[in-house]
Amino acid sequence: MNLFTLLSMVLGFTCVVISIATSGNLSDFFDLSSIFIVIGGVVCATCASFSRERMNSLLQALKIAFKKSKINLTDDIDKIVEIANVARRNGLLALEELTNEMDEPFLKKGIMLVVDGSDPELIRSIMETELSVIKQRHADNRFILDSMAAYAPAFGMIGTLIGLINMLTSLDDMSTLGPNMSVALITTFYGSMLANLVFNPLSKRLKAVGNLEYLRKELILEGIMAIQNGENPRVIREKLSAFLPNSQQQSRETPNTAEIKAGSH
Amino acid sequence: MNLFTLLSMVLGFTCVVISIATSGNLSDFFDLSSIFIVIGGVVCATCASFSRERMNSLLQALKIAFKKSKINLTDDIDKIVEIANVARRNGLLALEELTNEMDEPFLKKGIMLVVDGSDPELIRSIMETELSVIKQRHADNRFILDSMAAYAPAFGMIGTLIGLINMLTSLDDMSTLGPNMSVALITTFYGSMLANLVFNPLSKRLKAVGNLEYLRKELILEGIMAIQNGENPRVIREKLSAFLPNSQQQSRETPNTAEIKAGSH
Amino acid sequence: MNLFTLLSMVLGFTCVVISIATSGNLSDFFDLSSIFIVIGGVVCATCASFSRERMNSLLQALKIAFKKSKINLTDDIDKIVEIANVARRNGLLALEELTNEMDEPFLKKGIMLVVDGSDPELIRSIMETELSVIKQRHADNRFILDSMAAYAPAFGMIGTLIGLINMLTSLDDMSTLGPNMSVALITTFYGSMLANLVFNPLSKRLKAVGNLEYLRKELILEGIMAIQNGENPRVIREKLSAFLPNSQQQSRETPNTAEIKAGSH
Amino acid sequence: MNLFTLLSMVLGFTCVVISIATSGNLSDFFDLSSIFIVIGGVVCATCASFSRERMNSLLQALKIAFKKSKINLTDDIDKIVEIANVARRNGLLALEELTNEMDEPFLKKGIMLVVDGSDPELIRSIMETELSVIKQRHADNRFILDSMAAYAPAFGMIGTLIGLINMLTSLDDMSTLGPNMSVALITTFYGSMLANLVFNPLSKRLKAVGNLEYLRKELILEGIMAIQNGENPRVIREKLSAFLPNSQQQSRETPNTAEIKAGSH
Amino acid sequence: MNLFTLLSMVLGFTCVVISIATSGNLSDFFDLSSIFIVIGGVVCATCASFSRERMNSLLQALKIAFKKSKINLTDDIDKIVEIANVARRNGLLALEELTNEMDEPFLKKGIMLVVDGSDPELIRSIMETELSVIKQRHADNRFILDSMAAYAPAFGMIGTLIGLINMLTSLDDMSTLGPNMSVALITTFYGSMLANLVFNPLSKRLKAVGNLEYLRKELILEGIMAIQNGENPRVIREKLSAFLPNSQQQSRETPNTAEIKAGSH
């Protein structure tokens, strides 16, 4: 989630604006009171649905998601295998000084637990709890965006109903019927745009980011358990590369396979 | 769920009222018989769908949810670690006098079970049963609100159909067509408002409150099992802090990590 | 599910009738051929979707649900604890004469299995199979009602389409357009009413009844396993009271807690 | 799924035809080009969504479902108990000659595996794999019908859009507006009919048939495992009768209960 | 997914074109700016929802799905049994030279792991991780297509709203009302066509392809575990043929059943 996402949204709005500009009058599609009812309604309904802490957490998640550098699972595997090599050569305690260079807090925490000599069950239990708490928080964040994506067209329709009722009450002057109904439809238009170019894409984006992060953390968890277990670094690489798509898995027909065979016992 | 939720709802209605007032006549949007059919329909359909006990339980849940002081997991962890310290120093029986100060019934019950010297399996089984019963009751409560959120627009549409059929039956006087249809649409408007500014937000709110409460009770359960198991208070803190979001977890680079290492055996 | 449900439905229909009577002409809303297409369509589609045995089973479930006396979990716990006391005093074989007074077939069957001296695994397996078969049958029953709730508006719309097509084919006389369209809309009205005041409420009602029955049977299962295991009646009460909502759980600060402590070993 | 299903569908169509005939002109509802777009669209979209093998498999499933004789779980239990009796008297090898009379392939296969003296784990693994493959194939079949039930109204709407666009392009002659729009609506009518009187009922029917078949196969699996385990035929009947609804379970207050007690050890 | 899928789509579009050509003017249904808003909107919303890597992965999946030769589980079983025979005769190491002829990467990888002498737990863990990663990627791919199938009608409606608002703003000349509204409806028409003849079928197709591939990989996994376990090739065939539909399972009444019996120990 980076410039590409934002750019796509802007481009989407541009498409719509071009489409309006070539077929009609752009100013007909700008109506302050329509913006007021749609945005106001969505914001109020969302605030009524979620606590401030939850919404702050969503904002932070979005901020992080937009800033986050690419996740590269291959690099993570290299890193873990490197750690495993150090652990093999110099013992688990030697990993402590490595933790300073780690920027993934989950990896760092796991290695600290290994250095501390905690029980494997304790480490796994702590890290799995953290994983499931993270997963729940991601689901909560998406739930807010999904709710907004549902509120937006709903308040668009409420705005249109208000416009229609107003229009129908004073139906004397037939010449104003068209423009009035046109204004009424604008809120539905706004609601649809918000849902389909902002809230839905953001929710789907967060889902993808979350799934990838979750996969990464599972990989790290397996790696840490293997390191503590003192497994052969080659076996660890073998194990972890199962997390990669086929195309990224390294060719295995290397002279080293014999070494793996030996090391797995 | 507190003033913030209520305020947001009121603000949402205010937005709609302002929007109406600036574009038309507020009195056109007030129609007693429309209120009657929408509210009456929703209430009757809900009563037909759920037992009185279930609805009382929902009302109580809402009352509690609005009153409830903030849940602070960090405080809960501090409390449990404090209890663990007492247990370490003075034995499990010494916890009995602590229970008087506990205001979380789930924690209190668990500690009582520990004091009674019950088997760990029995404690876990009792507390997990209670957790799943609570979870089911929360789901049931949300189900009522979700049903009301579905009934509201449905009866809105039924009201509109009644209005339209009435209007179409006596189509002689075209001048009344507009106002009649306007009245017909008002029930749909009411139904949408109820669903999107009352029932849906309340349901989502209860869900968030429930998730947090559930997380808290899981934390307490893990804490109690660890206390009974006589685990080191530092290890317990380590274990339980996995329930916190990353940002709230305390820095671990303290001189005490060695102590954890020692204590985990 | 008792008079309260039926009354609510009747009241819901009354609301709609009052609403019609005050705003128009009740006779305009009664149209035999519209009733024919909606009811006929729903019945035929439902018969095509489910076997006669399945629908008979639903009817029986509804009959039972309406007759059923209130489920009181506290009474069930008292009963099970009483049985456990007899078993403690006079042995498991003494339970045989108690079974004559039991009106819950699931409890009776379980006790019979205990009296027969069956293996705990066999008892658990038999009772869990029965539970899951019951759960499946409940889900099947709800599925029929949910299907009817979906067919009703669908055939309402089909009826309206027929009306509209008829009306549009012979558009010569504009004076009949209104009444014709009004008749066309009546089927949609009927379909909505059936779905929202009959089928949906019944389905939700069966779900609630089923959930409660399921909880009760789980409670009984745990109780029977504990009785066979020869557990202390007080511990059994402790265990089973976890199935109750907090508000119904008895205060535990009684002088007997020491006894539980002793009994749990 | 037998004559009853077909008859219900035919009756449903008859209801609609009667409803049309009494309110308008049947010939107005027959439009070849509307049939062409709806049927053609649904068939093409379905073919694009599923492979020929999948659709053949659905057709076969429908054929079997319509032919299939009633499943009677009580008979299955009698059969299995009878087999268990033979196995007790004459040994597992004596079951081989019984397999010729078995018409349920799943039962036959299981008995063959028992006769072959396969490991219990192997038998369970093979039969559970087969069960889950069958379950998946049933789900796939229903998925095709559900897709068709979704495509039908979609192409109905596409046809209506084509009709409306045609009509609106040439709006000169207002007298043709009605009939043109009437023709436009016919595709929506066809789509709704197909979905609600053909595809949806068939899908629900397959689901029910599949659930019952699945329950039966689970019963057979449990029975075969018990036979191989050499369990007492009475205990087997006890175990398997848990699969029956309460009403069909035989009264247990027979003099033979003592025998069960003895046999379960 | 091959020519058959593409052909069906083309045929579906042809149906619609024929339907238009016989009822109106084809050129009325071609509108560049409508294509622009629908395609532009769908592409932008999709780009905003998913990363470029994800969309590349979908394109590759579609390319592979269209090229892929038929999956024939019977052939896979033959192959695995053949490998098992070689392993029995010449030992596990002899399998290395067979891997060159294997074109299924999953099978190849598994056999390599067996040749390497890895632990059974390691092999199962690696292959199950790979399976679940593949499953997740398939689900992700379908999620993109499902999102596009939802965006298409949404932007169709947005286009129609733009058209309606334009039309209603300048309602002076009633003679242009029809054509203008007709143009407005074209975007909805485009959106429906895209969803129902392109995105939905592709998504369903990928699902079927994925399910089959997943079943195949599960079969391979079971086969490899059995080979490593040194099981009798006949038992392996028995085990794996449970993955086939009943109709494809070979008749078991062969003289070889005795051999299986002997071999299973």
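Should a chain be cited, it is by its letter among A, B, C, D and E, assigned in written order, with residues numbered from 1 in that chain.
To be clear about the criterion, contacts are C-beta pairs under 8 Å (C-beta built on N, C-alpha and C of every residue); 3 or more make two chains touch, one makes a residue touch a chain.
Everything numeric here is computed off the predicted structure, so don't read it as measured data.
Listed by label, the chains that touch chain A and also chain C are B.
Taking each chain's centre as the mean of its C-alpha atoms, chain B lies 24 Å from chain C.
In terms of their C-alpha centroids, the spacing between chain C and chain E amounts to 40 Å.
None of the residues of chain B touches two or more other chains.
Taken as a graph of touching chains, this assembly forms a single closed ring in which every chain touches exactly two others. The touching chains form a single ring; listed from chain D in the chain E direction they are D, E, A, B, C. Looking at the complex, you find that chain E touches chain D at residues 1, 4-5, 8-9, 11-12, 15-16, 18-20, 22-25, 28-29, 175, 177-179, 181-182, 185-186, 188-189, 192-193, 195-197, 200-202, 204-205, 207-208, 211, 215, 222, 235, 238-239, 242-246, 252, 257, 260-261, 264-265. On chain B, the positions that touch chain C within their shared complex are 33, 36-37, 40-41, 44-45, 47-52, 54, 57, 105, 109, 112-113, 116-119, 122, 125-127, 129-130, 133, 136-137, 140, 143, 147, 150-151, 154-155, 157-159, 161-171.
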